[in-house]
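Structure below; questions to follow.
Labels run A, B and C following the written order; every chain starts at residue 1.
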Amino acid sequence: MKASTQKKVNKDSKGKQASPQKKGWKSIPMGGLIERGGTAKEYKTGEWRTFIPVRDEAKCINCMICWVYCPDSSIKTQDGKMTGFDMDYCKGCGICASVCPVKCIKMEKEEK
Amino acid sequence: MKKTKLIPMMGDQVAAYAMRQVEPDVVAAYPITPQTEIVMSFSQYVADGKVKTELIPVESEHSAMSACVGAAAAGARTMTATSANGLALMWEIVYIAASTRLPIVMPVVNRALSAPINIHCDHSDTMGARDSGWIQIYCENGQEVYESIILAVKIAEHKDIQLPVMVCQDGFITSHAVEGIELFDDKVVKGFIGEYKPRFSLLDVDHPVTVGPLDLQDFYFEHKRQQSEAMDNSIKIIPKVFKEFADTFGKRHDFSETYRLEDAEVAICALSSTAGTAKIAVDKLREEGHKVGLMKPRFFRPFPREHIAKRLSPLKAIAVLDRSESFSGNGGPLFTEIKAALYPERHRPAVLNYIYGLGGRDIFAEDIESVFRTLLDVAKTGATDERIQFIGVRE
Amino acid sequence: MKNITEVRWHGRGGQGAKSAAQFLAEAALDSGKYIQAFPEYGPERAGAPIRAYTRISDNVINIHSSVTSPDVVVVIDSTLITPSVLEGLPKEGVLVVNSPDEPDVIRKNLSFKGGKVATVDATKIALETIKAPMPNTPMLGALLKTYPIVSLDALESKIRDKFLKKIGEEKTAANIKAIKRAYEEVKLG
């Protein structure tokens, strides 16, 4: 028995959850138990965003302040350098853009 | 006939003794009058090395039940004990224990809820928790407390029930009364409850699980439906546990105990120690030739509707004695439950309600006798007083 | 129908009324009887007047209310010997009190004409044997002489059983001596 929360849900064209075939009370685990680990990985919290951050790589000084402030751990890094955004989890909140000391990040309306 | 050796023990000590024999993995508890002796005696067993239980002396009952939920989710056989305001402070987590389907067993020593502050017996504490999703067993005396705790472990942990159980006894009246108790052998008790096999464990890192996730409009209702089913189902399963208990210990249990009810025309319905006192009144009136009897529900949750309706519906009149006031304007909790149980029956007796014994006010066989006499009049004349009556209160 | 014996104990918190009620019950249990022993808890403080009860029967005891018409009343503290200790005591009832007075004096003071009155100076006995003002064990001795509901032997072995591990041989022996002295010295009238 697996709860349907653990399954990939169907999405409509806007990325919102379409009404999936959810299981009834007889076939879900007792008491709200989720029977396996890491299920949050399947839940892409970046699905709701309106804006996306766009970085001007040339201006970026790799100070990592955006990495410190990002509430969704969506700043990708490698070898001490900022390498981009994890768009699976970025909610487009704009904190990175606002804290950037050199203003190299701009928030732009996402084209779907 | 040689009777079995009886050991003198207070109701609280009996509860602790049963806990020692169950030897839970974890007990998290906070002492509160009149439950204190349970925690005291059990702590002594832990200190003396009589049990391997991890005893968590917490700083409040809210923490006690929280620790129990955590321990039970970790796969531990878990117990605690409380009374009155302690149960009230646990409140939030009491529901979580049941809804998370954790088979925690909790002896509760019934005591009046404040205010004004009072340490003596009534059922306002556990009756308030009647809709929390816990199974509730009410005990007349120390012997029933002892056997019910052992029974409760088996019921709670049954794979198709998985619900926590409160084992209730009357504060001071039985909790602090010494009676002769027939005790079972440690090994037989251990054999009966068996090794605890939790359905999951937070400590099992090879099979990680999430307990208590956010559960919104899309699944919460389904989980409540499951809980409802579990309680309903327990009515079918619990008799199997009774049978196993009888086979093991030679002691019969049922959803209720009836006393001289078979051919009775009128009956009194009461929980816990008062039922014992009522037997004295029944005997006296029987000697006078009146057909009176007693119904003592042992289980209040699940409420054994059919079991009780079958036994009470043939009667002419019954009086339900409630040791708590639900302040509903519609009678005490046992009364409304009994009345609802009788509604679908073709023959319905007149049902009277008496509130008694709040805050430890004593109830005597004479009080119960006078209720019986009223019932006999009702049976004769058919005239009933719909108003809720109070026994032993000063006007 | 009255195949049950009910004893009401009057004492002050800390004097061992509850324990005395329990020792009597347990001695009876060992003799094959059914028992109940329970205190009436009021505000819990040392020195407050308290009541405790013992029920002894050949049959299972179902009743769970306090005792309203005791067969025997035992007053452990002499300052509590007031007419209120007679509450519910039937005219054939037995009254056992801790007092150096003769039973006649007690009868007169309380205007109690019926039954039996027994007096014993349990405090004096306690001070001389146990070396502490603990009149509860001697009162048990006085009770058993007046109203032999269990044998002195049964009580002695219960006391030994209860006390030996807790307070040692010497003090246990002192308590048993106190019981026996009170048993001998109690005055009936």
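One rule holds for everything that comes next: a contact is a pair of C-beta atoms (placed from the backbone, for glycine too) under 8 Å apart; a residue touches a chain by one contact, two chains touch by 3 or more.
Worth saying up front: this structure is predicted, and the values here are computed from it rather than measured.
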- Have a look at which chains touch which and call the overall pattern line, ring, star, complete or other. line
- Query: Looking at CA centres, what chain is most distant from subunit A?
  - Reply: C
- Please work out the Cα centroid separation of subunit A and subunit C, and write it as a whole number of Å. 78
- When the C-alpha atoms of subunit B and subunit C are each averaged to a single point, how far apart are the two points in Å? 35
- Query: CA centre of subunit A versus CA centre of subunit B: separation in Å?
  - Reply: 50
- Sites on subunit C at which at least two other chains make contact: none
- Using the touch definition up top, name the residues of subunit A that touch subunit B in the complex. 3, 5, 22-25, 28, 30-39
- Complex contact set, residues of subunit C against subunit B: 1, 22, 25-26, 29, 32, 34-39, 41, 61-66, 68
- In their shared complex, at which residues does subunit B touch subunit C? 3, 6, 8, 119-120, 140-141, 170, 172-174, 176-180, 273-274, 276-277, 279-280, 283-284, 287, 362-365
- Message: Give the list of subunit B residues in touch with subunit A in this complex.
- Response: 99-102, 162, 199-200, 207-213, 215, 218-219, 221-223, 225-227, 229-230
